[in-house]
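In structure tokens below, several structures.
There are two complexes below, and they share subunit A, which is joined by subunit B in the first and by subunit C in the second.
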Partner chain A sequence: MQVKSRLRAPMWVWGAAAVVAVGGIAAAVMSMRTSEEPIASGPSVTRRLTAEQYQNIIQDVFGSDIDLGGRFEPDLRVDGLFAVGASHVSVTAAGMEQYDAMGRAVAGQVVDANHRDMLMPCKPASAEQPDEQCAQEFLGKVGRLLHRRPLTDQQLQAYVTAATQATQITKSFYDGVALSLSAMLSAPDFLFREEVVEPDPDHPGSYRLDAYSKASQLSFFLWNSAPDSKLLAAAEEGELHSKRGLARQVERMMGSPRLESGMRAFFEDQLRFDEFETLAKDSALFPKFSAQVADDAREQTLRTILDVVFTRDSDYREIFTTKKTFLTPELGSIYRVPIYNDGPNGSPDQWQPYEFAADDPQTGILTQIAFTALHSPAGRGSPTIRGKAVREIALCQKVPAPPGDVDFTQFELASASPTSTARERLGVHASVPSCAGCHKIMDPIGLALENFDGSGEFRTMEGNARIDPSGEIDGIKYEDANGLGNAIYRNPAAVSCIVDRLSARALGRTTSSGERGWLKDLKDDFADNGYRLSALMREIALSRALYSVSAPAREPAQQQVAAASSADR
Partner chain B sequence: MRNLTTRRRMLRGMLGGAAVSVGLPFLDCFLNTNGTALASGAPLPVVFGSWFQNLGLNPGRWKPSAVGKGYQNNVELVVLDAYRERMNVISGTKYFLDGRPLETHVSGVQIATMGSIPAGVSSDPSLDTTIADVIGDKTRFKSVEISLSGGRQSLSRRKGGAINPSEPSPAALYARVFGPEFKDPNAAEFTPDTQVLARRSVLTAVADERRDIMKRVGAADRARLDEYFTAVRQIEQQLDLEMQKPAPLKDCSIPRAVPEAEVGRNVAAVERNNKLFAELLAHAVACGQTRVFNVNFGTQGLRTPGGVRDWHSLTHEEPIDPKLGYQRDVTWFINFATGTFARFLDTLDSYREGGGTVLDRTLILWQTDHGYARTHTMDDLPILTVGNAGGRIKTGMHLVATGDPSTRVGLTVQQAFGVALNSWGRLSNATSKPLTEMLA
Partner chain C sequence: MAAFTRCSAPLLFAVAAFGCASQAGAETRHYAVSWFAQATYSNDHDCSHGVHPEVEQIYLRYAERLGATPAQIATWRRKQMEGEDVRDLDELMMNRGRIDGQPVNPYTQPAAVVDLQMPGLDGKYAFGFNLDGKGADDPNAFEDPETHERGVDHQLYRALGCTRAFRGSLESRPTYYAWAWGQLKDSQPAWVITVSGDDLSKDGPVSVSIERALEYLRSNSDGTPRFDMAYRIDPDPRSRNTYRGEVKNGVVSITEHGKLRLLQNPLVAPELELSNVHLRLALKPDRSARGFMGGYQPWHPIYFGIAGVGFGGEQQVTGDVPGFYHLMKRYADADPDPVTGQNRAISVTYYLEAVPAFVRPADATQQLTSR
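Moving on, here comes the complex of A and B:
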């Protein structure tokens, strides 16, 4: 898992003072259909934190110099998203071992001599003895951020007792507190995002998330991290239940640099960038493709997208057509563009903005290495795999699995010739009826990317044959990759795709049939707002649909317990 | 939670300076002085391993011609000849789709490991976890998952969508098993680590508060959280074991540290890592650290350096060599994979313990995703078992179960390890007929 270099200050050190207004967003005029119509809500979900969210919370709460020192259980992709799979996964014994190790590694650093003065609000009377008061102050403060709601008295008491007992055994106050903190970091209240549900007084008969669950829903959606102290305070004061209060918090959060993390996390999930983990290219065939190139390629695409949707707050669909990108010297060697490490005022900067010429085949993210190389086997390109990826990732369409008993004889005959191109070889698919049905919706898309080899480098020849990069999608024919980008730009499915996935990400589940009207409003408003992602995110964040849940299906006894325990808070 | 009070009392006792060994239940027994068996006379505990190799074998080149005992290995399994008397070859079984679409290289894996194709997201547990629930509770690690392909996904999953992460790096596995927290069972002195004692006391202190979440969530989420609490108990048991002097294991020796190396998809990396992993596992078993391991040979993307096409692509695209009658390059990979398995067995079998070797008390189940990868066949599957799990399985046979669900093998193996199951699998993959010829 790659950790981006983001400057993050621990939440309670600077509070949320570092809010930077992003031009254009706060001031944007937004048209929005009403979300006041009655909605049939879906169920509440309990989500396991994703690896990225775990990292973000640790960075936000304790600062960015804390090492995690562990690895995460694999996340599960459901309906195209880890964010939805999170509602289905649990924790295995081996996964727990890792959480336990990471929790101890993190807690150990928090209380070590380098950090304790900054991160702990008090000093113990003696470093060798329990100090319940100091432990309580620290654990209560950090517990509120990690559990994303204030600890109950019983919870706090349990953690303080744990620290006291551990201090008595280890003869060290800090070791004791660290072990208690590490228990907090492997507690279900931390690792799982539980949704607490309550009757909605504004809509009798309906249910909503309680104020703290609301705060989490909002902040994991916009920031991909836990609520900060201000948001928790807003929850505590009931502000999030008022329309105006919610809007105030959403505006504040949309103006925070953390919004970029939220957007970045969405696209990493949507683009299936976890597949970089097992990406390998044959070094004999693609000598320029190094691990560094792979890392940079992933970052290049994210930067390209964020430049469109965040920095320039522009039409989302431009990610498929933009000529503007960012390159490193390593990427430059594959794109055949000289890149030097010269930053502004002569300071070295690895990343340089670059704009390809209007007629350059480089156009949008589908022609970038993070697409062409990621969706290719190790030793060559594959129009079929790329075509399938365009369908699944850019358009959210599902391509059926291949039939079981495939006769590859025809294909093998075609591939035996050294002068054939992929187009000729794949032409065989059309001659076999059981293949043609699906391959005609994949191969012609991918053939437009044939000018990019398995490592993403431009080429005009395959072996001895000239490549014909023309292609077709849903009846629209085009000449080359530029045409493909334009066709995706104009494809209505590209818009539905982003709205569906972003709302599924926010909810932690695929939308239910009762929420279709809401989705339609979102799509219409997205168009009215010039397909600006920020406007779409704002509207989702302000939607009642995000915080309404269907009636909890619980046994009455448990409902009472739930009510009692939420009253405790 | 029955013994929670005991532990609490013990921990309080410790806080007051009482002797540490008092009050702790012994979760394991002592070996006799020869180290061949436990002092009670029981043999060394049994070990289960799974080995999953994708992409099948070549039809006509692996199935022995003779049936029953005294068979001769066919050409693609000759590499395992040294183990012929200690293994079984099972042929003829099928994976049934029951009208579900064939997800190539996925459906077969699911049926082989879980006995069913999951409906939706939640799945049945894989058989290694049901076995680990029976034999894996008394070791530090309930199971160890290894990936020779470099990925993190293992094929081991518990009910409710929890997938065990795989270890792709031998160096990391070394650190996990033999790192600072490892307690040498043969060390003369035993001082419980105060960190371990403190961690255990912390888990006890927060246990009740943690369970509160179960009262607040719905039934589906309760099932998932149940898995979470099972995992927490595993950590508690691990700590309990580390708090007591381990039973001496005469033949436990600590391996040399493993240097960090490339995890990967080329044959050289797989070859090297296979050897390192096998050695670590042998030591881990002999030192009482685990009794269940899962190796995912996986590597559909496996390539020779400079090879344009990976193994998986080759299975579909390489023409059948007219002289040989099979795909030449694909067969090279098949031989590489079975050869790698043979080297793995060699390594386990060269670790001496008691009167025999680590392999003697182990049973390894070898399965694959398709009978013939070129056309994705789901019948006449090659299945192997190696080892007799300390005498629980009869070996040296070629068993034929034509048209039967492959799950008969999985059921047999689970029953051999004492999993309380009368039948296993779902729909057409359900069976209540173990291969009784195999059960000792």
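Moving on, here comes the complex of A and C:
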């Protein structure tokens, strides 16, 4: 995966999120059903850092001007999420080379003349000689942040010794420290989120994450990054094991600007925005579409969602019906609405708020370019692909793969006519039993989006035929994309979907059968709270289920952790 | 910024091809000019004395007139043919003007360059308008190849139509204009045309505004002009032009032939200035527009716009620059100098293409929703 610079959070989101968090947390804690329910927990999992998490940690610890370089190994999507796939992947030899190269690149920049005075807490007595005290101070400090827990004495000594020996060889204190830092960045304790489990003293016979693993669970869920120093301090002091202490940290974290980063990461994962990396359109057919449009489209949908769930703290389901969005001039040209830049000629394009008319076909994220274009082939739209995407992404329903012996004869005959519409062509599916079973749950959904061509541009005609955007989902018929949005809004599966996926993201795995009660409570509370995502996130973050695990197969890792030095591996 | 909405859905369907009305009972369409160049109709029968030679050969004619010996000229010709440098000839050409016998810059002092009397175009056809009202009785006029109107005044075409860089057609664009447009289109503020009437799909009176935007023309990634971009009108009064006109059979024309002034770019000309302005703009089913704009234009700015290319551009793009001065001076057909009688303006026709755009008028206080 190509390393990309991270988007910065707009101030309006930060401020709004803070207000939401402070105002809502007390009520949420009081109303939630889940905190004390008995739980049949699932297993602990070990997750590889995603590319974005790696990037976020480096930025959080060393600053945003550190260039990673290199490429990450591809992530794996499991049950609709990379966040779940992260517990199913390892590191290949080639991937390890990349991690090593990135680690060296990062370490080199951290100790270079431009950064060392700001990032290192001490100066060596001599830049050409080992200085164990300074090396220990620096490596101990960053090691705690990178490993998400204090280094053991044995770990720290190994890193310091390596730095000393490297300094003696290179005659450079900073090169020596950089070598140890790069080793730290390639260590399994950094690259993998390993959960350390301990008996739960409040629930005899049960197990829970230890305080540092709990801090990581919380931090990666809310921020998509490692715990900050305050959260680690809370873990160290045992605060996270108390309800009040946990609530205090959750409140602080939900008021942080990093919350937007966490939610962006979730929705990028949930909406499969990684597919933008391979998105291409036929420029002869869709000349307006470009790499810039693709980037803007992705950002538009994220801004739309964040506006609903954070800025306005509204009903999550409004993301399927909202008329409010944000556009750049280039996006405006595709949606055929005027978006004017400010400033003189040549000024960079700016984001502008925009609200479509109530009866405009543009409604919610399913009609946005980031959905209609992303789920279309290069040269046309596809009701089938879009319908499948609605099922899988908005409703978390699985659509079976087509059988291997599909007979395309009828479909090709229907496609042979240049005047046929997609509706006519897809009508053939109904006449072929082996196709009808699945296509009837996809095509009628996607046909409602036929007013949007393969690039997402609005149209009323397909060839010489006027488009009929009527559709149907699960027996609910509608006239156009507005109706589709409303149908998804009212569909209980949309609510279950977001709860399931958000909880799976938090846990790093699909919930177990023993956690169904917890999920049901989350869904009920979500409804009681007006489907406000902030309330759902807060409840998950405060849930005992998030930090409880089933009995380990052998002795809890906590008893082994002291002996498990990454330097020894 | 105030929120606003676009066309309502029923209205959108009703006017999908052209956009929605900006106010009750009226229709307005905006266009960003996406191509603007002299309208040319070059063919095999329009230069009876032949197309002008390559600039290298013209240089030798100048050299001869400046006193070079036959032996020198033969040497330069041989070197040119063999691809060798001819620096002494280049030096001579870079200063081929003469004032009081002294060499001067020929591009800034074209009147000081000898007139080689290169021939003008003498074909039958040229795009344009009957500007002087003489019609078919005008022996120097052309016939428009599209409308077949006779008496068309387009003396700029007659002046430059046999020079290589200015030959071309609507489809095969003249080299000079293709080069100049390519230089300008991604930076020069766009020109915007606004047509307003009761119903532009029916014949009737219209209002036509030709103005300058604050933003440059936006293009697609393949270089084609981008439809439906939004532009703000520059409030500078030097680029505000509005005319009465009419639409007939889907073609917009100006019925009030006043003056036009638009700020341009010094690379081509600081500004475009026309008098007796004419416009014929066809509104196309794909929502774009194409047509012709004509009038009388001061020819000195045209010359100095071309002359800006200098010696390098003369060789690479335009051909003999001072020769254009003499040609335009010869064929200029309007605005005689009261003292010398020399015409200071020349009849011109420009071909333009335009794409649908959103436009915020200069006096608008908020975003508008017309298209």
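Things worth noting here:
In this section, the second predicted complex is superposed on the first by the 516 of 569 C-alpha atoms of A that agree within 3 Å, B and C clash if a C-alpha of one lies under 4 Å from a C-alpha of the other, contacts with A are read in each partner's own complex, and residues count from 1 in each chain.
Note that in this section a residue touches a chain if its C-beta (ideal position, glycine included) is under 8 Å from a C-beta of that chain, and two chains touch if they have at least 3 such contacts.
Just so you know, these numbers come straight off a predicted model, no measurement behind them.
When the two complexes are overlaid on subunit A, subunit B and subunit C sit side by side with no clash. In the superposed pair of complexes, A:E355 makes contact with subunit C only, with no contact to subunit B. Using CA centres, the angle subtended at subunit A by subunit B and subunit C is 80 degrees, rounded to a multiple of 10. Touch criterion met: A:S283 reaches subunit B and subunit C at once. In the superposed model, A:A493 makes contact with neither subunit B nor subunit C. When the shared chain is aligned, subunit C comes close enough to touch A:N341, but subunit B does not. Comparing subunit B with subunit C, the partner in contact with more residues of subunit A is B. Of the two partner chains placed around the shared chain by superposition, subunit B is the only one that A:V91 touches, whereas subunit C remains out of contact. In the superposed model, A:M461 makes contact with subunit C only, not with subunit B. Touch criterion not met for A:A40: it reaches neither subunit B nor subunit C.
The gap separating subunit B from subunit C in the superposed three-chain model is 12 Å, by closest C-alpha atoms.
Contacts of subunit A with subunit B, set against its contacts with subunit C after fitting on chain A, overlap at residues 283-284. Taken in their complex, subunit A has these residues touching subunit C: 283-284, 287-292, 324, 329-330, 332-341, 344-346, 352-357, 359-361, 460-461.
By the touch criterion given at the top, residues 11, 14-15, 97, 101-104, 121-122, 141-145, 149-153, 156-158, 160-165, 176, 194-195, 197-199, 201-203, 205-206, 208-210, 212-213, 215-219, 221, 224-228, 230-232, 234-235, 238, 264-265, 301, 303, 305-310, 312-313, 316-320, 374-378 of subunit B touch subunit A in their complex. Interface residues of subunit A facing subunit B in the complex, by the touch rule stated above, are 43-46, 71-74, 76, 78, 85, 88-98, 100, 104, 154-155, 158-159, 161-163, 165-166, 168-171, 175-176, 179-180, 182-183, 186-189, 191-192, 194, 196, 277-278, 280, 282-285, 377-380, 400-408, 411-413, 415-416, 552-554, 558, 561-562, 565.
Put simply, subunit C touches subunit A in their complex at residues 1, 3-10, 12-13, 16, 187, 189, 214-216, 218, 220-222, 224, 226-232, 358-360, 367-371.
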